[in-house]
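Two complexes, one shared chain (chain A), two partners (chain B, chain C).
Entry: the complex of A and B
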């Protein structure tokens, strides 16, 4: 293709985006199609859709010169064409072959943009596909009357040279000349009747819905996420300035009394009022812009869910289990960045359900359970959070076995008295696995601890609820967005720090007489519970001095444990915009980023999760659960 | 005045590519449609000088769209975009009223040549 006419890289990106979407529909259509294996009548619209998807991929790949992709899409298209024309029965073998082909096609396309290595066995697959479909092609040709039909569209050629294209075009011209004199060969008219026909809309129940979807699609535009990020960052600046102007307006109003009875007062007073009004309006508009841009960044979580039906199918086949996946709430919106990050953890949980949760069919029948196990994937909004649940009706978690394993791995000792919840928490320990043997599905040591860590990174909460013999539910709670949060501002050693409000339980002033020492670490008793203290001034090495009379404490919650962070003073709540620290600074324990405050000063944002985790690890706080007071 | 073109194809890449070639060659791309039904609507709305029409599309295929556009405007100038081997379909489209066709994958000079011929 002549490069002068377009920027190739840009087109490759378009191609990638478009085929990603198409392959996703192909996957779900294949799953639907699988239900028709060995059936007499296949839903024609499903096969048509698959055919068109391959046709589109083939065409675009051809224009961009991706011959291997073009070739494979072409062969798959031919198979769908045979199915469509009822010239090939739909067997399990053909479905498996088609699934495999889609996987290879996906891998090939990923490899084009360097996201994956070129898959092996492409040629081998194409040969197998070819020999499989050629059987039916030959049969179809014989039925249709042999070699005369070589001009049928089924014979579509890909490696056409310019001469061949010219020959094809001459062919058409010849046919046209014939038709104009009213003598279009009957054989070709017959072929024309065979041509792709639009699905009969009225007859198809989902046609309306589909059309609706198309219409919606045509009113959407694609935007590079980086542009939205840049916009969000600007909104952040706006939020900061809004706060600053509100601050100035308030300060001015307060100091108005200083000018009382001076000649300047007549001028300043109305201006102050105007400024306050204007600041109020600015605040409102800024809020709306902020909400608007947040909404633009929202995408349905269904994008992530889409790949799971296929995954569950393959996994349950591999494990010889019968599993059904139920999905609800696919339309639930959340921030694009969160959607991108949540796929891996969810995949791990679902794998876990298939591998450890659901029993084999025989065992289930013996237990009086339905033969087919169910995994439920559910998403919904709750306040400012999104809740995602992954549940199964399998064997549940055997607490005794978890405890035993914990003892064997040295995580707890025989004498520890653990509550059920504490035993369950052992599952989150690095390297923990109760699987008796390592399978290719899970139990390879990448366990729940990684899931938990990934979710914590998204400022989310991860929880397990399980009843032995009945099933397990994993619950993930995530904030809707990560960019703007409510924070409690505190002062420590002359510096301002922001503590995300979602992890703050309360803030308190406590007399030193109420602070006790356990194994050299300070604790307080709060409503009967022992809460260890962490002096962050000392943890960060700020050279702070201890107040001999009292401590100001922010109680934070970290996965059910409470820790009191000792600060110098509280500075109130504020909405802050998170700015990541630059790579030059690198990762700092206990700090997740920085924000610019209304007065232009910078405040570091405390990462409660890593701060408390590191403090525990370094023995800076008492392990309250196991220590007697 | 530059000629106004409506591009109809279900593949984004195809639309972008044809659009790129045409706009750099002095045509004005006034609209894009991603299926036949949309093409018919947009034709009625925009009244373009020329339409490029894909064959295989969801909702309504290219040939049906050609028929509907021609019944609305018998002078409509429509060029089919076709793949190798679809002789019969091309013939059907041209009988339905399409003026010419180009074969994918096409070279930019080829599409320009075909368009100029149809518009002449």
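Entry: the complex of A and C
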């Protein structure tokens, strides 16, 4: 094919996308298959699916000339073929071998697209796989051959097969000696007849369900996320104009009385009504388009969850712990961009649960807990947010130990009086780790602080709840989408600012007589809690003047802490489209972007997280926890 | 403009949009100028570098505005009816610049553009691409990329100084 007609890069990208999905299927199917180890009867549909996936990878790789991938996929396919033809019993060894193959295949494909370096030991693995499957091919041939000969000469059959069996056994012995850990014990060759059936049938979708799923898949198309982003941005413009037209219609309707009893009234009045009707219709359609485009961008979070069962399996094996992963709410939808970003933080959390949370089996038994530890991964919608929980029934967080570690690492001093909450927050400090020694799983001192930062970047909230001896629950709250939000508009020093409604608890007018000071910083008492005030106009240097009688306060929540932002006036709630500030201006702490309002004016969006963080850091805000003491 | 010396026309010419700041005349390559607007309402962006005047809404797009006087450390003046916003496009970045007045589009022969002598003006030479001579007029040719990118550099320094890690709160 000539260069002009064959954009190889595009094909490689397509190949990668396709195989990524297939390898994910292979991974989860293998996990399902693992439940049938040593069972009499395995679910043929799972094996078929594995076979088909491998076959597709082999075909696509061949087309693009990726011979190594093609070769490996071919050999794995042969193993699945043996399995589906009942020529090979399913043992733990074969599953492990297949998992390893799947990993090597993934690494090979990543290497092809330049995402990783070429993995080592590919040839060695292929040889092992080859001898493994040839073993069973020989066995199958003997059985088939034996049956054939049985029909003609009984005597000779016995001799011949005995010889062949002897050769076969020699083969096995050689292989056993060759493989470093004796991967092929003899009993592997005999099917374990009395193995128990897998317990829960619910875990294996029925045949019909699978077919249904496949049919649904064929009705989908792949769309570049950039095109969707472009559409969303256009919808954003539309939303702005919708609001603007509604504003104009409303203004016109209000000023209609000015034209009363003038000749123009007869023309203007019906037109005004028409405009209002059209504006209403436009608003409705725009809303529907907006909702539609949002839905298109939504993908189930299960896409991220899919890789965790395998991860937990490998981790728990490595740590010699018994861990079960329960997943709920995999079908919960959220924005594609959020899904792409949330995988990494979740991975850190799950690792943390396996490494720090779940105890070893013996210790668990001693504590009267079930031998197998459980990690629960749960996702659900709550209002305009999605909540993701990662919980374990392990040892929980030992606050005394965290505090001690914090002192040793110089994060706090011995004399500091810390609330439980503040001790818990030490975990979020960069470099903090309670693990006594570094393992390959966690304990390298990266983790919770990275998780917290990543989640904050997604405008999410990260929280820990832990009871010593009972377990830990990490909770992540994320907005469904990052592009359009509900905001409270406030006026400060002549400009309009937008405060994202998800961080607003309430807005209040408070008399100055109720404002106290702690170390020179203003606070108010709200339902028994001390809430520090932040005069945002002064903080931003807007040259605002203080009202001697009252303050208008927007109470915001940041990581469970409340802060009252003092503004000049409240201007109501509105749906706003977030636009980033130009990178010529760069990132400004306290401002997350801007939006264009219905009348064409600009409102800057306040980034509550960094604003409050900065205010604390610069000592502009009283530390409520201390002032309460 | 293209009258006095016909020989100049035969050489390579560059077209520049000229504008004034104080008593000096500046020019930017016309290819980098997207449009010239009258003064509109500028939304102030707090904690931005001092020369960032703010942002404007240009037909639904947010355009950052640089006050060139502030950028070049000249004294600020009240905006007049002649004040203009020159919207430029450099790479994919769009930036508006507030100038005292826009005069005209000039054709300057390339050979008449010389390297900027040191400290000919109040403007730091790092922003200057050269000085074009047109009769007895001197046009200071701006290097917009520098005007913008240097602003990024400084702005980052400002940020680092002003904003310690937000997560350092406990």
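Throughout what follows, the second predicted complex is superposed on the first by the 489 of 629 C-alpha atoms of A that agree within 3 Å, B and C clash if a C-alpha of one lies under 4 Å from a C-alpha of the other, contacts with A are read in each partner's own complex, and residues count from 1 in each chain.
Rule of thumb we're sticking to: a contact is a pair of C-beta atoms (placed from the backbone, for glycine too) under 8 Å apart; a residue touches a chain by one contact, two chains touch by 3 or more.
Because the structure is a prediction, the values reported are computed rather than measured.
Of the two partner chains placed by superposition, only chain B is touched by A:63; chain C is not. Residue contacts after overlaying the shared chain place A:15 against chain B, while chain C stays out of touching range.
Legend: residue contacts after superposition of the two complexes on their common chain; A:581 is shown touching chain C, with no touch to chain B. More chain A residues lie in contact with B than with the other chain of the pair chain B and chain C.
In the superposition on chain A, A:553 contacts neither chain B nor chain C. Residue contacts after overlaying the shared chain place A:604 against chain C, while chain B stays out of touching range. Contacts of A:49 after superposition on the shared chain: chain B is touched, whereas chain C is not. Common to the chain B-facing and chain C-facing surfaces of chain A is no residue whatsoever. Residues 10-14, 16-17, 20-21, 24, 33-38, 55-61, 63-64, 83-92, 94-95, 101, 103-109 of chain B are the ones that touch chain A when the two sit in their complex.
Listed in rising order, the residues of chain C touching chain A in the complex are 41, 43-48, 52, 55-57, 60, 62-64, 66, 93-95, 148, 151-152, 155-156, 159, 162-170. On the chain A side of its complex with chain C, the touching residues are 237, 240, 411-412, 422, 425-426, 428-430, 449, 452-453, 495, 540-542, 579, 581-591, 594, 596, 600-604, 609-610, 612-614, 616-618. Of all the residues in chain A, the ones that touch chain B in their complex are 1-2, 4-6, 11, 14-15, 17-18, 48-49, 51-52, 55-56, 58-60, 62-65, 151-158, 160, 164-165, 168-169, 171-172, 175-176, 179, 184, 188-189, 191-192, 194-198, 210-211, 214, 217-218.
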